[in-house]
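Going in written order, the chains are labelled A, B, C and D, and every chain counts its residues from 1.
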């Protein structure tokens, strides 16, 4: 099997906004095998507090030897990660999970919210390379322009057109990405690749169900192991009672899951 | 490295079961072993213990099932498993391919359920031993855990022992006033060995939502945080029973293994550490081999119970 | 800051004792309070609990008495103290100068000893309440800890309660199978409140010397490591008894205090955290005031037992 | 009382040998009040592992606002401390403990082993200033020259003559400091200020007892609080059963203690 536990060197550190950081890690084993939608488990710090690894989507690879993670500082683990420096080493496990299913005949559409945009960058780059005839549609949103702009730039560098939405209206549509999608004429062979907060994914599921569109979502859960051993990372599923986000996912066909609507 | 340490005698015996070294993996933390194949040379481990198996399949508890605590984690997996029949038909094959002893951890709601599972495991190829998890509630006794009442613990032990053809290890709960009482009872009930500790019962609260952090409200605490409690109980039990003791709780490294052995453990199990470092078990074996070589021990068995008291 | 938060109602009542806020300091971790004067404005605390006092002076255990563990520490101080008479003559004066309620923690080898100490504390000015540490061995019952047998726990409680003129808080041991049984027994014995948890019994081994890390071999585990066990027990006990519950175990910050209150605690005690951050107790009070203000609570008492279960 | 809990900034970081580090911290409160022999409790890292503060002698002060600690990397706490950088902050509690008793009429003699030399530097500087007529005798030892040389230099800069011993003979006498002392003619009003490993201090106690010399030792014990609250830091004493190293010490008259001779 092709998973690795490695000490990877940090070769680039980017502070994208006050609380968003991107790390570029050197790992030929992981970078050369990763698929969009897969993730890595990262150990923050050497000590036992925090104890467990933290899951992060692989948000880009390059040269078959570098890959990136993009994260927001939300707690102790991410805050420690945000204090690493270039040249230091991080223990990483990966690539893990299944990844997005891609078909060049589909009209692929990337729909991301907040840090959920991370894996979609990788997917966008992949699609541009694998399906050059049929570049994906990109619709992404975040709280403010400060969070969103650096990511828009990355998609634009791939030559993709990007639709945006922000909670405060500071960039693009003032509101939700789903509002933007509703204004776009989507073909029946559209395939949505979604990653973002739960309410957004639940809404996307309904949106796609109504229109008969294919919808893939990447689920975030609490994970201890990331490799199918702890059984901690469940999501309610229609096949069996629960699916395991780390090994059956994190990407699921939205139809297979049981959605809790608030 | 390999050649330098190959001479070290790390073997130990657990109730007739010979292990090439004392490092086992703990139930529920190592999947069905194959999950760890990318990281670990499974053949180098002393034994592998699989996730707890019940008579019928169980879906387990709703999410969230895990939450991190200071130097530890709480889990309320709720004993999700495929049930003994599907375990035998679906999981044993890949386990048989692993050439280390496979220990099957079992659990039940009644004494009869434990016996029934043990019966179905008789003559299943590749089952080297049974580990009986007695931390489960006895539904016939108002939900009191088997592992908290000496008579109930002894009864489960005797029932499983009666039908089993392989060594029976009884896994003790730490959530008791006097663990030596329970250890003595299961020894009298016929256990070939005891393993301890299972998780401490704990709880976490999410202040933002003002809810319990686990859907099940309470869960089992594991990891380095519980190591001092585990070491103490292993020490107490090793002085009480004459069957082998398997130490569990917060073990990460060869140093931890050696500390448990000094306190009286014949072997150990590594649990939560597998999540943090999937190679933890194999690295512990390597560390033990180095220790035996460096300290010029004839065998790792010299360490068992060798704690120096002044 | 001070003015912004002064309006918050943080007061709580413990068996007739009104505290201006729920933050107390735990016995054995705050000296006789004056040690903390350089760091803490003592007047801002809810109450101060002093080191356990016995009838006769005790020298305590030989060194080493403490050792650090993962996110916790083990101590085997062995209840070193000056004895109740010297406590009254030498320590009470400086304690009286502190204008917060002083809770005196007491311990004994026999029921009579507990009663005797409580008698000597009657009418001593400045003693706001007595906290009875029942984690000590009963020498008349083969060294079984008072706090592990409901009848013994009730007997100590009743004996102290009978002679005391101030509220009696009974401090429960976590080293039991069912803490609610003990809580119920001490409530029946007349306790005005319960506090929990005392330390978990643990052990550490020093691999280099192959000796126990503590001269006493076993010790009490405290600190963040034990917080999940403490929260669980507080939650269980708060659902069992109708007297106030004081939460103890791994509390460092206002967030921790609020989590214990949600689980059912009326007040809390901060222990080991005082060693790491001597200002921990005062900072917790400040944090509570901010929380009450920000969340627009009428009183901190709204948080007691307010855990949302779905 | 004059003890402080402070976030102190690291203004100098010196790697004296492969495993010995000296930090200079900015703290007018502590530096201006510290006396030789006192110590500080330092928190290594922000997390809960390691949990407790670590005790270190104050090994020098300057300008009434800076003080130094000098330590060897022996475990998790010291290894974290060795990774701090200039400009970062350390939480420090101090000054704690009693300090050495000094009388200019005595023939003061500083006897140190290993990291025990740390507080003696401060004491040496103090004596040079307070008793300029009567500079102290300095006898210090360590495992090797690499460890000892930087410290010898510091004493020499104070204008003091330094006698040395090393375990491997790489600097000064090949053996123990006590051997060096035996070769020196010590006056009857000599007062020994000792800090080092237990066996060295036990030997010094006997040495002084035989000769009727005054002997002060600084005791190392496990400390949780450093301020008399936990009662963890005991040393067997002739007055009462135990004394508390943090509040009754760390400096004791050797005669008051009970010595365990191996």
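Observations
Assume contacts are C-beta pairs under 8 Å (C-beta built on N, C-alpha and C of every residue); 3 or more make two chains touch, one makes a residue touch a chain.
This one's a predicted model, so the numbers in the text were calculated from it and none came from an experiment.
Separation of subunit B from subunit C in touch steps, taking the shortest path, is 1. Our note on geometry: subunit A versus subunit D, Cα centroid distance of 54 Å, whole angstroms. Between the Cα centres of subunit A and subunit B there is a gap of 36 Å. Note on chain placement: the centre of subunit B and the centre of subunit D lie 47 Å apart, centres being C-alpha means. Chain contacts: subunit A has residues 48-50 touching two or more partner chains.
Counting partner chains per residue, subunit B has residues 70-72, 223-224 touching two or more of them. If you draw each protein chain as a dot and join the dots that touch, every dot ends up joined to every other dot. In the complex of the two chains, the subunit A residues touching subunit B come out as 1-5, 43, 48-53, 91, 93, 221-225, 227-236, 240-242, 247. Residues 28-31, 35-39, 51, 59-60, 62-68, 70-73, 75, 77, 80, 223-224, 272, 274-279 of subunit B are the ones touching subunit A in the complex. Residues 69-72, 74, 148, 175-178, 200-205, 207, 209-212, 215, 217-218, 221, 223-229, 231-232, 235, 250, 255, 258-259, 262-263, 306-310 of subunit B are the ones touching subunit C in the complex. Of all residues in subunit A, those touching subunit D in their complex are 45, 47-50, 76. Within the complex, the subunit B residues that touch subunit D are 70-71, 224.
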